[in-house]
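The letters A, B, C, D, E, F, G, H, I, J, K and L name the chains in turn, as written, and every chain counts its residues from 1.
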Amino acid sequence: MNGRRASVLVLHGPNLNLLGLREKAVYGEETLASIEVRLSELAQNLNLDLTFLQSNHEGALVDAVQSAPGRHQGLLVNAGAYTHTSVALRDALAAAGLPFVEVHLSNPFVREAFRHRSLLAPLAAGVVLGFGAASYLLGLRGLADLLAAPGDT
Amino acid sequence: MNGRRASVLVLHGPNLNLLGLREKAVYGEETLASIEVRLSELAQNLNLDLTFLQSNHEGALVDAVQSAPGRHQGLLVNAGAYTHTSVALRDALAAAGLPFVEVHLSNPFVREAFRHRSLLAPLAAGVVLGFGAASYLLGLRGLADLLAAPGDT
Amino acid sequence: MNGRRASVLVLHGPNLNLLGLREKAVYGEETLASIEVRLSELAQNLNLDLTFLQSNHEGALVDAVQSAPGRHQGLLVNAGAYTHTSVALRDALAAAGLPFVEVHLSNPFVREAFRHRSLLAPLAAGVVLGFGAASYLLGLRGLADLLAAPGDT
Amino acid sequence: MNGRRASVLVLHGPNLNLLGLREKAVYGEETLASIEVRLSELAQNLNLDLTFLQSNHEGALVDAVQSAPGRHQGLLVNAGAYTHTSVALRDALAAAGLPFVEVHLSNPFVREAFRHRSLLAPLAAGVVLGFGAASYLLGLRGLADLLAAPGDT
Amino acid sequence: MNGRRASVLVLHGPNLNLLGLREKAVYGEETLASIEVRLSELAQNLNLDLTFLQSNHEGALVDAVQSAPGRHQGLLVNAGAYTHTSVALRDALAAAGLPFVEVHLSNPFVREAFRHRSLLAPLAAGVVLGFGAASYLLGLRGLADLLAAPGDT
Amino acid sequence: MNGRRASVLVLHGPNLNLLGLREKAVYGEETLASIEVRLSELAQNLNLDLTFLQSNHEGALVDAVQSAPGRHQGLLVNAGAYTHTSVALRDALAAAGLPFVEVHLSNPFVREAFRHRSLLAPLAAGVVLGFGAASYLLGLRGLADLLAAPGDT
Amino acid sequence: MNGRRASVLVLHGPNLNLLGLREKAVYGEETLASIEVRLSELAQNLNLDLTFLQSNHEGALVDAVQSAPGRHQGLLVNAGAYTHTSVALRDALAAAGLPFVEVHLSNPFVREAFRHRSLLAPLAAGVVLGFGAASYLLGLRGLADLLAAPGDT
Amino acid sequence: MNGRRASVLVLHGPNLNLLGLREKAVYGEETLASIEVRLSELAQNLNLDLTFLQSNHEGALVDAVQSAPGRHQGLLVNAGAYTHTSVALRDALAAAGLPFVEVHLSNPFVREAFRHRSLLAPLAAGVVLGFGAASYLLGLRGLADLLAAPGDT
Amino acid sequence: MNGRRASVLVLHGPNLNLLGLREKAVYGEETLASIEVRLSELAQNLNLDLTFLQSNHEGALVDAVQSAPGRHQGLLVNAGAYTHTSVALRDALAAAGLPFVEVHLSNPFVREAFRHRSLLAPLAAGVVLGFGAASYLLGLRGLADLLAAPGDT
Amino acid sequence: MNGRRASVLVLHGPNLNLLGLREKAVYGEETLASIEVRLSELAQNLNLDLTFLQSNHEGALVDAVQSAPGRHQGLLVNAGAYTHTSVALRDALAAAGLPFVEVHLSNPFVREAFRHRSLLAPLAAGVVLGFGAASYLLGLRGLADLLAAPGDT
Amino acid sequence: MNGRRASVLVLHGPNLNLLGLREKAVYGEETLASIEVRLSELAQNLNLDLTFLQSNHEGALVDAVQSAPGRHQGLLVNAGAYTHTSVALRDALAAAGLPFVEVHLSNPFVREAFRHRSLLAPLAAGVVLGFGAASYLLGLRGLADLLAAPGDT
Amino acid sequence: MNGRRASVLVLHGPNLNLLGLREKAVYGEETLASIEVRLSELAQNLNLDLTFLQSNHEGALVDAVQSAPGRHQGLLVNAGAYTHTSVALRDALAAAGLPFVEVHLSNPFVREAFRHRSLLAPLAAGVVLGFGAASYLLGLRGLADLLAAPGDT
């Protein structure tokens, strides 16, 4: 990381563009744009560059992960519904070989049984879930520590 | 619905563009275009506007569902194979908050076990299956009733 | 069906005689008698004769299905709880060899797990569920189409 | 319950008419008639009226439960084999909306695996099992308390 | 059995009254009446008295089994669909304490998975299946041997 | 029990010391102390001596059960959470060889799936559940009957 | 079978050579030799030729089944333990294309769960079980009927 | 939280006292004492008071959780092995009614299957796992935010 | 195939564009471009025309399969992660009605359990796996034989 | 393999000696002898020596695998039914430590569920299935490549 | 055992003849011959006669077990792979009625899941596993104690 | 172990203090004290020091295991009921990093299904079960060999 700022790709999976616009009773009033502003401010303090991408397309997320090595040093990933179904995204993250942190706004373990399994978690450097928008912020802090550590995986 | 016609988005999932062109022994000779003509005629009687979309791309269907609120008052959804695998589409429908009716041409319960579970059905206002093309027509009638009822969910 | 009206046997399974009298919050205020009136009006338009039977006894429903061939050309069946437990009713419907449509007022997929399996669905010509009393009406329309079609199964 | 005695319907399911007549090594020597005498004596003390019904017919038991509201204020139910197989009886009890206590003479958990699940228990106000004929007596005491309590469910 | 003929109750479960009348391609052309004639002839040779009962009602079959001790020395049972679902019938057979033979016309193991489990088989003295109407005849021979043997269970 | 009062050990498992102090909406306002007073009054009528123990420690409950033979003639056990997880407690109860009655305030079958299995129930002389504090009182009555009976197990 | 006696291969699987020599309390006192004598006598009446083979070797049983076509017209098979584990024997029977009857001395459904599944039963023309040595005799009668019937499978 | 510092109880479950002393290849070199120092420093910044408890005894952890209300406003819980087996600890946390954050040093989802289920997670305000000692620090930050928020659950 | 060269569509699923560029320890050093060169050389010998497509997008692969009939006579498919999750791709292949061969570089049966099920294999004319890049070459040979055979499916 | 021809042991499991003689509708008309001729011709081109063994005896196949090291450099294995049941054969192949290719004539994934699991596949260097006799030829080509490669596993 | 040495049959299942010759990294360098020498020396001390048999053939092991009664008083059995698949061997051991000890060189519980179930263990007098060759020696000591005890089972 | 005696910690789990005092029909007449005397005598011969601990408290057993490294070179563990439920004990044994042998008096595989899984066995150097008190003695011999071997794990 010597001398230049680390860069982090922040991925938001399907339906996360609706945050704060729909189902406010469940997900709260904060929009994805607002979360990204707060992430950018924290990144400033942590000396990180952030790049954001939201997509409803599994293939577009796979493409983005594939292009990350060489441009980014880590990923912050809220894969939404694809967390539970996408072997392709898992394989892309494995191939990228970059440390990533998995985040979720809500607690999937209190939701339907098909949300209890994460295909990504076994590969994640860390997981943060259940804090609402703060899950992203805590996850970014955790990732920053990993990137700063000598000999991080 | 006061005074203006309700609008319904009709979504067809993957491979439904092949109706009447392939596997006629299984799915019959009627094409998707023909089904849409019959739906449009019935919509005329039911005083509904219809918009059609077919896609083989999960993400494109999610995009479409996301854009429905504000433009449409309900959805008629034959998600095809994504019925059984797409948590993303389920989440989009939940977020849209519009009543939708799930339809299937054939009866999935006489097919392979992986077609017995619908990720969408627990959210659907109603389900119609097994009547061939008539499943769409019956489903549209059922949706029309829901949209006409005061205090529909 | 050439020249004479087709006849349809409408079967209601256990506890459906309580519709509109108990658990109105769940099942609504409409009684079974009222549903039957609406079905009769629709049957008039569809040129069908209807016969109604409600029973809490599995054996009585089996008896009725057995007596249908020769008297009726199709069945509209809401087997209630027996949908999930009665192999005998399934066998009777298979033996009758008449097309039948399975209907449910509510959506069993949002209820207990033991209601997710229908022993009848794999044999049904079509299934309509979740529209409340309208499930019966839509199901009758679908059955009428099947009976009118030349070469219906 | 103000001023008049509460009435309780006591239901015995299939094969319970054989108590004390068959398989005495398993179920003991006491007959169902004898149990009913002891229940009647206790009911006298508890200021309750009792009505008894035994049937081997699932439908007859459903009929009886349906007729209970308005005539009885609670039920004492030993559904025997139907405990494990009858969704119809469960639905009837749910529809009746009366508090009921489930009782068993023996302990089903030391018997075959298919007797470990009770379809009725999740709806029961209380369950008493394993005390032989005394299960009925204890269950009636428990039910009496519930009926006497202001604001009982 | 000393000196007088043993009596056997022959029970036919739901839908067996349709034998030879419906689904002949599956079950053959022979009617239940014809099978009973052949059973009676064989019983003559085996020095047995036979009593027949067919019912679509689970409770009626349970009633019949309950009344068997004292009147009959054994049962020949084709419980049809109730083979797979009736704990009540199983309990009645256990309570009766008479030897019984379970028979099936077809081979349930080549049919749907829910027909692979028999609730009655673990209690049966013997099981004969797959020989068509001859299953009954072979089963009666086997039962006759059991009844003739000193110290039969 | 001839001539001297039988003695019963009443065991309360983890968190039951919080009764009436926390989660009153779920468990009611009555404290464990109050329940013990009511049990003592009933024991007086039933001519029983009672000893009480509450512990959050699995091992302490096992110790107590081990020390029961010779001092007590029966146990009344509400093992709380250990009902579902403690093989050690089950083994201790088996080794003690005393009749015990299992009680629960609420109905575990309407709670999470991991509360549906009781490791203790297959060994219990009887089970009473769902009556709130009255479960203890009914359970004590049932136990008193067992202890009074000649030849109780 | 025109004019000449049909020939039946009787196969006994592993450990059946011990019949009547070991575990007499379970399997009775009759030896395999004695059963074969009784089978031969019955075969005389049924106008059948019998060939016997017992082996503890799965491969030897497969070899025998392979050599049956051309020499025998049917098989009577008690495969013992290989009933539950041998896909090879199943495949050999399928390839032989001869009708066979599966017999068992005892009732496997009252034994361990791994004996509840027969790999052979779905291919068998008929199954007879639980009658002790008489299972063989009844099975041979059933097979004789099949071989005598014109157009047997 | 008005004016005085919030207090947090930090619970460490079984074997966590061995951190940095055993299995360093798996869990790293940092001791529990060192983690507590870092937590205390962070708490200083976050204006929180911390109390620490480590125990190998399930009952001791339950006792501690029971005593938290009134003394602490939240908990930071690494229950170690009891995460997967202790219904008692779950019940204690539910009864305490305080917000708690569940933390794990490693990622349980890459370990044995019996570590994939957390009995505590469905009740947790948030979960942080996989960051090593940093999981504790991130979890404390998340908890501090919750405690500072008006109307936190 | 009379007189003109058969054409084969070669499909590569998600992440296969990374071959030889990432995770070389797992997948080897050969790139997808190099594999396609070797396939083209072999196609020359086998008198086949090849068309290649790689995509990370499930929908794009479905589109390609749909467009194959009329342009190609067979497919060589390495669907990567979609092998295990895409019902849509399966349905497209079923609808296309062309023979296809499924290939995998590595042996999925030594990888995670969710890679043990292939949704495509039951429809494939043949499967080749585990030979690295040679899987493609062997698969193409196998497909060539099928296309050359008269009466290929 | 420097300078001398590699030798391959070709193993055929139970019932494969019947190829082309029985069940031709399923397995085709080609005999095992004919397949071995075609394999020998191909081996000539690939510069390989072949040794053939077919057996219906699991132990004989295990013996053969044990004797392979030192005599052969690889195996081509169609274990037939033992593919799904023989842990002994798997262990022998693991102990032999030679590369082997598993082949099947038909596609097991379209057959019964008990044929979907191969005990051998996780150890195989490669698998080829579904191409009929060509599966053997393709498998031999794949094996030849492995044996020719420097540093083959 | 009165006055003469007890005799023990030592059975080694499939692939155990390879011990010390193959896979030395897994199973060590000691050969089966060497283990038998050590067993013979220990038998001398324990005053036992030993007979050894190794076979890769399930049937041969069954034959050997059948011949044991009358010649031997106990068995020491390492059935290798047949431990997990052979119901025939289990039945033979049950029929033999001699005490036997099951031994394994390695610990099957750290290997594949299909090695976690032993069909023999429920019948074994004792089981010793995981000590390498010493498992045999410990097992023989245990068996000697059993044979020396008066009234051993 | 050079020059000084190795020390072994012998742990007895819950209810083992009752040996020979309760349930003698199941566990025999020998007390734990007597077993410890015999273990001490054998330890003398094997040149080992023994320390004994019995506890009904899971936490106390975990504490003891934690304190073993540095004091003892191995453990002999009969964890009783905690064998099947204690992840904490498993983790402590893993952390201790000492070789341990798991012993059981009886054969858990003939008892209830929840006793068939040992959480400790996958970590054990060896397992001995079913020999009664001799299981301890054989286990100590096996452990002595391991401790004496150079390069023991």
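The rule is simple: a contact is a pair of C-beta atoms (placed from the backbone, for glycine too) under 8 Å apart; a residue touches a chain by one contact, two chains touch by 3 or more.
Predicted, not measured: the structure shown is a model, and the values here were computed from it.
Visitor: How many hops, at fewest, get you from subunit C to subunit I via touching chains?
Guide: Minimum number of steps from subunit C to subunit I: 2.
Visitor: I'd like to know which pair from E-G, C-D or A-H copies the H-L interface, where a copy means over half of the contact pairs are the same by residue number.
Guide: Equivalent chain pair to H-L in E-G, C-D or A-H: C-D.
Visitor: Roughly how far is subunit E from subunit I, centre to centre by C-alpha average, rounded to an integer in Å?
Guide: Measuring from centre to centre gives 56 Å for this pair.
Visitor: Go ahead and note the Å separation of the Cα centroids belonging to subunit E and subunit K.
Guide: Averaging C-alpha atoms per chain gives centres 47 Å apart.
Visitor: Spell out, as numbers or ranges, the residues of subunit H touching 2 or more other chains.
Guide: Where subunit H meets two or more other chains at a single residue, that happens at 57-60, 85.
Visitor: Among the chains present, which pairs are found to touch?
Guide: Pairs flagged as touching, ordered by label: A-B, A-H, A-I, B-C, B-I, C-D, C-E, D-E, D-F, E-G, F-H, F-L, G-J, G-K, H-L, I-J, J-K, K-L.
Visitor: Please output the residues of subunit J touching subunit K within their complex, sorted ascending.
Guide: Residues of subunit J touching subunit K: 57-60, 62-63, 66, 69, 85-88, 90-92, 94-97, 119.
Visitor: Going by the contact rule at the top, pick out the subunit L residues touching subunit F in the complex.
Guide: Residues 13-15, 17-18, 22-23, 55-60, 80-82, 84-85, 114-115.
Visitor: For the complex, which residues does subunit A have touching subunit H?
Guide: Against subunit H, the touching part of subunit A is residues 107, 109-110, 118, 121-122, 124-131, 134-135, 138, 141-142, 145-146.
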